[in-house]
Every structure is written in C-alpha cells, then in structure tokens.
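In the two complexes that follow, chain A is the common piece, with chain B as its partner first and chain C second.
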Partner chain A sequence: MTQDGDLLHVVTADNISVARRRAGQALIWGSAGIMALVALSQVLQTTGTRDFGFETWRPTLYAYAFWSACLCAGQVITRGEQGKRVLFVLPAALFVLSMVVFPLIFGLGIAFSSWNLSSPDGRQFNGLDNIRQMWADPFYWNALRNMVWYVLAILPEYAVAFGLALLLNAQIRARKFFRVAFLMPLMLSPVAVSWMVGKSMMEVRFGPLARLARALGWDNPSFFGSPEIARATIMLMDAWTFIPFMMIMILAGLQAIPKELQEAARVDGASAWRSFWEVTFPLMLPVSITAILIRVIFKLKLADIIINVTSGGPGGATDSVTSFIFREYRDRSNVGYGTLLAMVYLVIIVIAMTVLMKLADRWMRPRY
Partner chain B sequence: MSAQIFHDGEADLSHSVKWWTGRVLIYGVLILWAVICLFPIYWTATTSFKMAPDVMQGNMVPFVDYTPKWLGWKSLGLSPDTIWTESTVREEFLRRFWNSTVTALAASALAVALGSCAAYGLSRFSYRFGFMRNSDISFFFLSQLILPPVVLALPFLVLYKALGLLDTRIGPILLYTLTVLPIVIWIMRDQFAGIPTELEEAALVDGLSIWGAFLTIVMPIALPGMVAAFILSLVLTWNEYFFAALLTSTNAKTLPVMVASQTGSQGISWWSMAALSFAAILPLIVIGVVLERYIIKGMAAGAVK
Partner chain C sequence: MKVEIYNHMIRNGLSRRGILKGAASVGALATLGGVATGLSAGRALAQDNLRAEILKVPGVGQGSPGDSDWQKVGEMCLGPTKEVVAEGEFAGVELTFMGLNNQNLHNFLFRGFLKPWEAYTGAKINWIDLAQADYNARLQQSIATGTVDFDIIEMGAPFEGDVLGKGLASEMPDWVKTQIDMDDYVGYLKAPVGTWDGKTYRISIDGDCHTFCYRKDYYENAEFAEAWAAAGNTTEWAPPKTWAEVQAQSKFLAGKTDPLTGLEAHGFLDPLKGWGGFGFYFLEDRATAYAKHPNDPAWLFDPDTMKPRVNNPAFVQAIQDVMDLIATPGAYPADQINADPGTTAFSQFLAGSGGMLAWWGDVGSSARTSDTSVVGDVVGFSTLPGSEKVWNAASGAWDETPNEAPNMAYIGWGVYVMARVDGDEKRHKAAWSAAAHLGGKDIALWMSAYPSGFQPYRNSQFQYDEWEAAGYDRAFIEDYLGSNADSYNHVNAAIEPRIPGIFQYYSVAEDELAKGFAGQYAGAQETADAIAAAWEKITDQIGRDSQIALYKASLGM
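For the complex of A and B:
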C-alpha cells in the first residue's frame, strides 16, 4: 500500500481573484451554518422546547448532503485547478467518513447504555454494566473461540484452492467449462445455499448427502447433531462457497509466473514435486498471503449461513460473533449490549489483523 | 502395410503409461470437483419439479426416475397454468426481486462512480489532507474492508430509525455502497496504475481539463476494469443478507430475506422452496456464465502486482 509511482505532474497557473475566493468560502460556511441551524432546531424539537413540525431527523440529513455538495463546489471555486483534483477523492472520502466514523462514534455512545428499542424508556446510560455482562457471558466467549476455529479452517481451504488452481493451470481441455463450474458456488447467495445444501441436501431422511453418508456406512447421519460435526459442516459449507475466490487469486498468480523458471528447473533435473516446492510455491508466497488475508477478512464476517442453517445451535457450538449478536438483538432487541459486543469484536479484529499484516509483511519479503 | 519396424523402447512405453495415469487422475479430480460445485444447483433445479413421493424416494434424474411436475413453480405462481392468473405469491416474489435488483444496481453504480474517481485521483495526484498522504488515504479506504458489518449494523438501525430510513431502499443502498467501495477502489487503483500518464498529458496539452481527460480519455480505457468492479459489487450486493434482514421489513425487503423467511415455515414442501431458491440464484448463474471473464479479472486484480 505504499505505491506512489507514476504521478501526473502538471503545472497550472491559477490566479484566483480575492472575490472568487471569498465567494467560495462564503458558500462553504453558509451551508455549514444552515446545517448547524437545522440540526439545532431538531435538537430543540426532540428535547421538546420548540415545535418546528419535524417528524424525523431527515432535514438534518438533507442539510448535511447540501453542505457536502457545497464543500465540493467550494473546493473548485476557492482553489481552482487544485480543487478540481481534490474533487476526485473528496466525495468518496466524505461518504466513507459520514458512513463509518459518525456511526462508530454514535455506536460508542450506545455501547455504554442499556437501550431496548421496543421499550418506551429509551436509552439509559449504564456505564460499565455492559462490559461486566460481557465478561460473564459464556456464549460470547464461546462465539469468539468458534471464530478462531473458523479462521483456522482457512488453511485446508487454501490447500484445496491451491490444488485446484494448479489443475486449472495444467494442460487441460475444456478449461473454460471447468473455470465456470468452479466459480459457480461463489455466485450463489449464502441464504439460498443454506437451504439448498444445509436444509435439503443434508436433511437426515431424504437428503442426497444423508443417503450418500448412509451408503458409505454412516448409519445415522446427522450433520448438525453433535457440536463438533455441526461446526465442521458449517466450515465445509462456507469453504464450498469461498474456495473459488482463493482459487482464482492463486490461478492469476500462477499464470503470472514466467514459464522459463519451471522449464529451467526441469532442465536442471528437478522432479515435479521438488520444482513445485522450490520454485512455484516460494514464488506464489506473496499472492498466497494476500489471498489468505482477504479470505480471513471475509471469514470474520461469516454469519448468513449460520443464521439460516443452525441459528447457532446446538448449544452455541456453531455461533460466529456476528450471528450471536444478530440473535442477541433479535431475541432481546437490546441495542446497547449488542453494540458493545460488536465494538469489542472490532477492537480484537483490528489488533489481530495488524499483527497478521505485520507478520505477513515479514514473510512476504523474499529471502535469497 | 508392412510390419512395424520401429518400436517404442521399454522406457518410453512406461512413460506413456505414466502420462495416461496422470491425465486420468487430473481429469478425475477436475470432474469430481465440478460435480461438487454443480450438484447443489442441479439438485435445486430438479427438486423444484418434484412431488412429495419423488422427494421421499430420493429420485434424482428427471424423466427417468420421475416425471417432472410444475408443483413447485405453481406455488410460486410461475408455472405455465398459473402465470396468467392472479397470484399473491408471485407478486410478492416479483416485488422482492425488483427490490433486490434496484438495490444491487444502484449500490454498485454508486460505488463504481465514487470508487473510480477516488482511485483515479489517488493514482495520479499527491494529496495532503492534514497528516494524511496518498498512501494513508488509500489505506483509509481499503481498511474499511476489515470493518465487520455487525459493528455498523446496530448503530445504523438506530440512526435509520431516527432518520426515517428504515424499510426504504435508500438505506440499504447507502450501506451496500459502503461495503463494496473498498473492493472497487482496490480493483480500479490497479486498473489506473496500468494506464500511462502520457495519455492525459497529451490530452491536457491539447486543451482538455483534467476532468475532461478523465471522462473522455481514461475512462474508456479503464472500462473493462470498471465492468469487473461493477459485476463483482453486483454479486456481493445481490447476495447480501445481514443488513437487509435488520434494516428492511415489509416494503424494501430483498430476495435473500424472503428466501430466509420461507426456509423455516415450509417444512417438507421442498418443491416450492427449491423453486424459490432456484429463482433467486438464477440471475447470478446467468451472470456467472456470461460474464465469468470479468469476475475473474476483478478478483485477480489484487493478486498480481
């Protein structure tokens, strides 16, 4: 992420008159003033001091959107050519800032309060109660432990994906057919998959997978009966959907390796096995690590399949953090506690990902 | 024809045997995995034409094991004899389908528009927003990928409630744009980095403004990348379930939420669930088959530098 390569260097002669600059600044500050005014009147409305006839907070949203537009326009007016360049990044930056940073700050406020959306009392600040509750909540820790298992399941997934990518990269016929076929699971919606595979194919009596298992000698196949098997089944279903993703990234990496290297290895008398481990695999290390990191990020969001197939059961054995918080909200509609759990999860993720990325950075550096 | 004079040596024959076993092994594994990938789709498609006895007997092949019936599609109002009649289920289904389509298309389009501009700016100019330089801004955008949806879900639930955006299409559209934006920026940055800056320099010398150069010169060249980013976002947003389940209820409910709400209630009437699931995944199967090239291009963008 430290690419500052080929930049466009253009010298522009901007002479912006004082009046124009003033007009631009007036636009920005004026719209900001309007926004502040609208927000203030809404606050007064909610506290009940004045009635302006607002039903929702939407006018503030509109005022915010107006201010953002004015800010963008103001950049061009006050700074000319430089402003036009800023205009490329500013909308996206504003969008992300308002959609992430503001809700996060707001969420921090919610996290330390008890707020049942269906009760009329509204939000009540309760200090550290949520943290104490979390500390004593075995199901949350259980969900976190499950996440570790789910993330570890990426390694076998990676091995399978690598194998498939090698096969697709070999001299084969009907490559396009196989590529499309292998890509299919990724296209399907996890919700549909959870019915198709989890609820019908794995159905104990009539599902084809249960029949197959019986034919193979598993007398009483139940894919969600015991905690370990249920977790493994969820892992398998998730792997089924996401193996194509890693496979395609690895395939792209394999195709970028110059053929000469493998040919040189063969001329030097290396067996296929050794040329894989000593030429292909080390060359693929950066791509592999990128693929695994992205896969970890997606894995940490795992929820849809769990919510729809097992809803966490049996006894929370398959719960991911996301599905646990989802149920926590669904069952008790307690926004405060759920938000705190999510915030703690975020902190853990950020720390873990930073460590992982630092480690990955070290591994990625080629050793000669 | 005379007798063969030259024979393969003993060593070469064994080589050929080895080659053949290798071929058989490769194709065996490939076909096995293709079956693993495609069987659930086949299963869903065929089950939607089954009746109760067929399900219980585990019949697999239509026309051989059982005669296909329109039962599943009839319950969805999409079979030949019900398609011209009134059907509340079909209306419901089409409404959800339309919601999904609008939400996915709008979010992807918005993300591609915002993301391409940002990626272009970051690959061409050096910025300073306070302490943030280009690489910091890039990292800021890409780091949004790490943010798990749960963290945003509940605050957004409360915010949208206050803003009156619950159960509207705008709400999910904005959130989906946010979730796919890092991916779009990732792909597009790669794309723009491959386009030489001389092109814009020439265009600027010829009197185009920087936005003119971007829109008329660079964008057409980067179009394949934009299509790839768009398709990838489309797949992700179409399939999104978590936010949709929390933030939409009666009006703006999307197709995955409808499928999920049906799974519990239907019991063993697999044919109608199969029809519903199959109808929900069909658009993406079509996209996957037709536009496979772009999807692979999009996903491969980050892999090879």
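For the complex of A and C:
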C-alpha cells in the first residue's frame, strides 16, 4: 500500500498500470467515436445526403447509452477508486444531460423554426422571424400585461393568508377543524374549481352566487361581463384555491417562533400591533418570502381556470401567457411559434425570479 | 343515435303496447314476405326482414345495448362481406384501428361489430382508443412526424385536408362503393365530400349540420303578437325565415318577459366566446345565407388565391348583426360575452333562456330528452334562416335574390383506410372490407336507432315507417329527423373547406371575434379585416400554393 497521497479519504490505493489506463482511455474515446459516427450518419440521413437505413433517431440514442456506459466503466478502469466515486454522480449527470439539456437544445431549434403541423413542408428554420412576430403580437403582450396584474394580486393574497394563519395560530375553538377546512380549496383540482365555481355557482341566472348578488342589490350580476370584473373574478377564484397554500406555510413558520420572544415583548409593554410588526413579522420574513416566491411560480403557470372559464375573454382581458400559448400550440398546431413564446416566457421568468430572490435576500438581512 | 335521445325515448316515449304494436307490424311484414313470390321481391323482403330484425337487438325499450348486442348486429349484417370475402381469406392479417372512446361508444361499438367479421375473415384488429381532446394532437403529430401507425382511422371530414391532401389515405376500390351503396348517402355527403382530386376515400358513418331551434310558445303568445304589430311591424309574428327577421325579433324581445319561465325573454342566442375553434361555426350560421352563392361552391376563401372572404360584405353583415344585438340592452342574457356554444345550448336555451338557437341536430331533441330541459314541449325546428340577398364574389356585388344555405358544420365522422396498406393486396382488401362492414347500409340503420354517437347520414335512415314499426313514436322521430334531412339534402348546402389546418383558421377567428365583440376594434369591418389578416398569415405559414391546390382538389375543381 502506498504511503503517499490522500490517506484519510482513500480506502484502497490502486496501482494503475499505464496499459490499463490506456485501455480505459481507448474505451471512452472509442465509444465516443462510435457515437459521433452514428450521429453524423444520422444527420446525413436526415439531410438526405446518404442513406444508412436509419428510420428513426434510435441508433444515436443507443450509441449515447453505449458511450455513457463506456464512460462510466472507463472512469473505474483509468482512475480506480477515484473513478468509483465519480460513478455516484456521473450516471445522474448523464441522465440529466439527456433529459434536460438535449431537449432544451432541440426546443431552441424548434423555437427558431416555422413549424405548423398542417404544413406539408414540415419544420423550416426561420431565424428570428418568430421573435419579430412575437414583438408585433398584441395577444402576447396583452397576456404578459395581464400576468403583471395576476402576479401583483399575490400581495393581497399574502395579507389574507397571513391573517388566516394568525387566526389559526391563536387559541380558537375548533382550531383543527378550521385548519382542515381552510385547506380544502387547495385540494381541489383547478378544473373542478372552474366548473363548480366559475361555471355553476357564478351562472348568472341560477347560480347561488348570482342569486346572492341579486339579493344584495346587484340587479344584473355579471361576473365575466366586463374586462375588469372578469379579471378580478379569475383572480378571486385562483386566490381562493391557493391562499391556503401560503397560509399553511406561514402557519408552520408562526409555530416555529419561540413563545419567549412574544412574551418578552409583552413584558416590555409592546402593544399587540407592535409585537406583531416588530417581532413576529420580521421573524416571519424568510418564510413569507419563500411562500411568495413559490406562489409567484404557481401564478406564472396560471392557465387551467382561464381556459375552462373564460378562454381568455372578454377580448383577451383574462388571458394568461400560458393560456395563450395553449391556444397557439394546441388549437392552431403552431409548434414553432408556440415554443418560442414558451422559451421567451421561461427567460423572463428566470430573470424575474433571480431579481426577486436577490431583492428578497437583501430584505431578509437583519435590520440592526 | 345520441345516447341521451335514446334514454329519453326509453323513459318517456315507449309503452309496452307501443312496442308490441311495433313488433306486430314487423311480424306482419314478415308474413307478407312469405306470401310474396319472385326472386327480387324475395330478396328485397329478406332485406326488409333483416332491417326489422336488427332493430329488435336488443329491442327498443330493453335497456341500452352492450357488447353482445353489437356482436349480434355485426354478425347479422355480415351478408355483404360474405359476398366479396371468402371465409378465412384474411387469416394472418393484423390491422390497427384508431378511433375515439367517447361515451364508451365509437371504438367500443366498432369492436363489437367487427368481432364476427374477424371470426369470419380470420383477420385480427388492434385498437388505439383516443379521448376526443387528444384526437387532434395525436393525429397531427402522427402526420407531422411521419409515424402513421394505424391502418384504419375514424376521422372527421375537416381533417381530410391534412390526411387526404398529403396522400396518406388509400383510394376506395369500386367493390366497396357497391357494398356500402353510396348512392344512398344524403345529398351533401356525396362527392366532392369524401373525395379528393376526384378520387373517393371516405366511408361515411355519421352526418352533421346546424339546424334552427325556436320556441313555439313565443309565437303562440298573443301579447307578443299584439306588441309586435303595435311596434309597427308589418310582417307576421311567426318563426323567422330570414336573418333580418331574426334580428328584428331579437331586438323586439329585449326587455319582454318569457311566457314559460317568467324571467327575461331574449331572442337569438349567439355564443360570443370561443370554443376551441368550434365557436366559429356559429358565426358561419349567420353568414352562410349571405355568403354562399348558389353558383359558387366556395364561400370562406377564394379558391384561386386563398384570399379570405371572411371580410367581405356577407360576413361583415353577420358580424355587424351580432354587434347590433350586443349594443341592444337586454337582447342577450347577462354575461353573454362569456357564453360559449355549450352555454347557449345547454345552460340557456334548454333552461328556458332565449327564443332561438342554431345548433347541431341533437340539441333540439335534447330539449325533449334532457332532465334539465324545460322547453321540451315548446320547441320547434327548421333549417337555418335564409337572407334577402346574397353576396356574389364573382361580380363583387350583392345579388338581390332570396337565398338559403344550411351550414353543414363539421360534416360528420367517417372511416378511412390509410395508404400504408396499399402495398399488400391482402391487407388492402382486409382493411377496406372492415371499413365497409362498419359503413354498411343496414348497420347504419341500427346505429341511428340505438345509442352509437352517430347521426343519420343516409336517405334510407329517414324512412319513418321503419322507425315506427320498431316501436318509436313517429311524431318525435319526424320532428327529430326532419330538419336534419331538409338541411342535408339542400341544393345550396354550405360545406366547409376541407383543407389542412381548417381549425387553426377557426381558432384564430374566435380570438379576433372576441376582441371585436369586446369593443376593441372600431367595428365589424375592422374585426373582419383582422380575421382575414390572421388567416392570410396561417395560409402563408402552411403554404399558399399547396393550400390553393388542396382547396381546389377538395372542391373537385
């Protein structure tokens, strides 16, 4: 056994011969060469330059799987124990590469193509045309504008959720019952919410909410008649579903706050408001920011309620980016443009979330 | 027949006496058959006998038919197959059939019908069952990625552009045309529908069109009649014959009280919200009489240039009419801007809101069959209203002649054989034989008389005596089928373009109409122009030249 090197972490130090190392290298590079050859053949086949009898891209997939196996084996052959350690991560990394990175690259390829499934010409690379189309597409910008409103609605949702969490954290009767009852909307599928609430309870003639509105003096209740009311109704339905989610996170945070802090504040003579604002709220900031960030992510995906209840109407007032992409992609088979819209949205989301998290990080630093 | 109609008949329409009466008539027919002599008369009677016999499976009023009944009917209707296929002729052939699983019918029904066919011919069928919502995407992806993995497909005519236009389907052999008796098809299902470049591809199994439903009690109401006359109207207070009358009556009814429900009365119910492309059919309903000239088969696009006609004065008139009603307080129920066709039909008209509606054939009868309907006894049917004038695209001017053009919305389901069987003689014959079995004349009668999800599509299905003999209430059946038959056989029926991506055009039109109806465009013309501009983009993306060629091919030009 060797006396050099990292003796603390190495169990067995391999004496790897040059020949073994070379064999390992040959395995890795040989299989990589085979993969490159198969992929090249496939490209030539696809472009129609040569015919290798490849009907699908499966040969390349098999070559990739073969190379992956050889790469893993090669690590052990060339590096011994160090290679075995790599095996804990390498297969997962290769899997992620194949399931996330490659599709993303293909997705980008599609996003810069004109690909209408009904077109006899199939997919055609069209450069930046889709971006130009997006730039001039009033439907997309309208949907993005709506998303700003939808996301802003999270602030009042947060306030309500905080209030409910405080209530449930207090010593009230039937606390456990209310905790479960308040969670119920979250357990419902948004599609069920759309039909039960949006289509049935808000039905203008017979729906119980319409009847209630009439009883309260609204002669001709209309929940989706004007753009503003329709948008507000969608926001309310979405809020009703997801406020419990924020509430339960905040409640968990509240329960983690040591009671002594509140008691100390009370002993110091702080009013209820001051003990909330100066003690509870700052302590809850990390949980609150997390809850809001997750809620923003949920909100950016808002589509199901809109698709089912308003189809984006009236006149696009309730359209979300996802519901618009759904129509563009599913109803109009416009795969290229739909993919580009989704990609741009992804970039916008990544940037916005990064900025938001940076800001959140700054806000959450203790204010001493 | 649609399931709900059948259930209604069973619940309300049939007494034991009625059924016995029906059985007795069938028996009498059979007796007559025994007396008659002569080969042709004997064969005709045997045919009648078969039709009467299959209608007894399981028997009207004997509960919903199931797999054993479907197999039995399939077995009884094997005659035409046996004339062209020898027993065991397709041994070793495996075919794949792609279709829908709506309401546990469609493919489930076909499985039962084809089981005896499989047993007789020796072929085996594998099934791909799809939900309606997945159908379009699955089909489009199969086509786009070149992975057509089925030999026979159940498909709606609007997709013919995508499939037939790309040469993916197999041309129908002549023996199939004879076997299924294509001359029996209702008018609009005859060529050019089902054909492409003069070649026939489609075996019809269903018919579809929009008809007009109205509330009879509105027109029997003396107060309305008096108020109508008092308002200075010179025409009679009667079901409208033209869209201009529909407009006038809808405006008149705003603010009145519904005689049946005591709530607000309304006139024509336009769906103002999209419905995945299907909502555009309802604007077409208003437009076809103005836009479909009897001398011109095209009405949505110019076949030489694919220039949209959706912004011509005919369509602008239709859009303007809707906008006028939006601007008339009380003309529509509240929230109409958020009403899709499902809402107008099932939540409004059947629930007693509104006096007039355009829909597929089944909603009128659902008026009598649905548990939630309150208008069952007061609903009447007709073909879609006509117009006083029609736009002549050739001259670019209105022809001041009355016109009618029922809208054959969606055209109906058919069975198609894919071109991938063409290379193998045995598979080719087997696939066409299976498809022909499903599209047979006698099996069609059974499908229209029992729950199948399909509407009648043959003239022979409108022989009311057969229905009566089987035990159905004749008045109901005539009511239910009459307006359909008149629309199907109308000489100026408006048939939608069977070009690739037709639902893309409809879908984007819905989006633009929604903006127009919400007041985001200056008016009807600007809305129509926005639709036309969007349609031009789709045409350019799919390929203008190929669209022109395919449109002409679909029109038989």
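Criterion: the second predicted complex is superposed on the first by the 271 of 368 C-alpha atoms of A that agree within 3 Å, B and C clash if a C-alpha of one lies under 4 Å from a C-alpha of the other, contacts with A are read in each partner's own complex, and residues count from 1 in each chain.
Everything that follows uses one rule, which is that contacts are C-beta pairs under 8 Å (C-beta built on N, C-alpha and C of every residue); 3 or more make two chains touch, one makes a residue touch a chain.
Nothing here was measured: the structure is a model prediction, and the numbers come from that model.
Participant: For A:F206, select first, second, both or neither according to whether it touches chain B, chain C, the two together, or no partner.
Facilitator: Both chain B and chain C are touched by A:F206.
Participant: Please tell me which partner, chain B or chain C, touches more residues of chain A.
Facilitator: Higher number of touched chain A residues: B.
Participant: Would you check which partner chain A:P314 touches, where first means chain B only, second means chain C only, and both and neither mean what they say?
Facilitator: A:P314: touches chain C, not chain B.
Participant: Where does A:W57 make contact in the superposed view: on chain B (first), on chain C (second), on both, or on neither?
Facilitator: A:W57: touches chain B, not chain C.
Participant: Per the contact definition in the header, classify A:F95: touching chain B only (first), chain C only (second), both, or neither.
Facilitator: In the superposition, A:F95 contacts chain B only.
Participant: Just checking: does A:G225 make contact with chain B only, chain C only, both, or neither of them? Give me first, second, both or neither.
Facilitator: A:G225 contacts chain C only, not chain B.
Participant: Under the stated touch criterion, which partner chain does A:S114 make contact with: chain B (first), chain C (second), both, or neither?
Facilitator: Touch partner of A:S114: chain C, not chain B.
Participant: Touch test for A:A342: chain B only (first), chain C only (second), both, or neither?
Facilitator: The first partner, chain B, only.
Participant: Between chain B and chain C, which residues of chain A are contacted by each of them?
Facilitator: Correct list for chain A: 115, 117, 205-206, 335.
Participant: Flag every residue of chain A that touches chain B in the complex, lowest number first.
Facilitator: 1-8, 10, 55-58, 61, 81, 84-89, 91-93, 95-96, 99-100, 103-104, 106-107, 110, 115, 117, 163-164, 167-168, 170, 172, 176-197, 199-201, 205-206, 208, 211, 240, 244-245, 248-253, 256, 286-287, 290-291, 294, 297, 300-301, 303-304, 307-308, 321-322, 325-326, 329, 335, 338-339, 341-343, 345-346, 349-350, 353
Participant: Which residues of chain C touch chain A in the complex?
Facilitator: Residues of chain C touching chain A: 136-137, 140-141, 143-144, 161-162, 165-166, 263, 272-277, 333-335, 337-338, 340, 347, 351, 353, 500-501, 503-504, 507-508, 510-511, 514-515, 517-520, 538, 541-543, 546.
Participant: Residue numbers of chain B touching chain A in their complex, please.
Facilitator: 26-27, 29-30, 33-34, 36-41, 43-44, 47, 55-56, 58, 60, 114-115, 117-118, 120-127, 129, 133-135, 137-142, 144-159, 161-165, 174-175, 177-178, 181, 185, 193, 196-197, 200-201, 204, 209-211, 214, 235, 238-239, 241-242, 245-246, 255-257, 259-260, 263, 270, 273-274, 277, 280-281, 284-285, 287-289, 292, 295-296, 299-300, 302-305
Participant: So in the complex, the part of chain A that touches chain C is made up of which residues?
Facilitator: Going through chain A, the ones touching chain C are 114-122, 139, 203-206, 220-225, 227, 230, 309-317, 327, 330-335.
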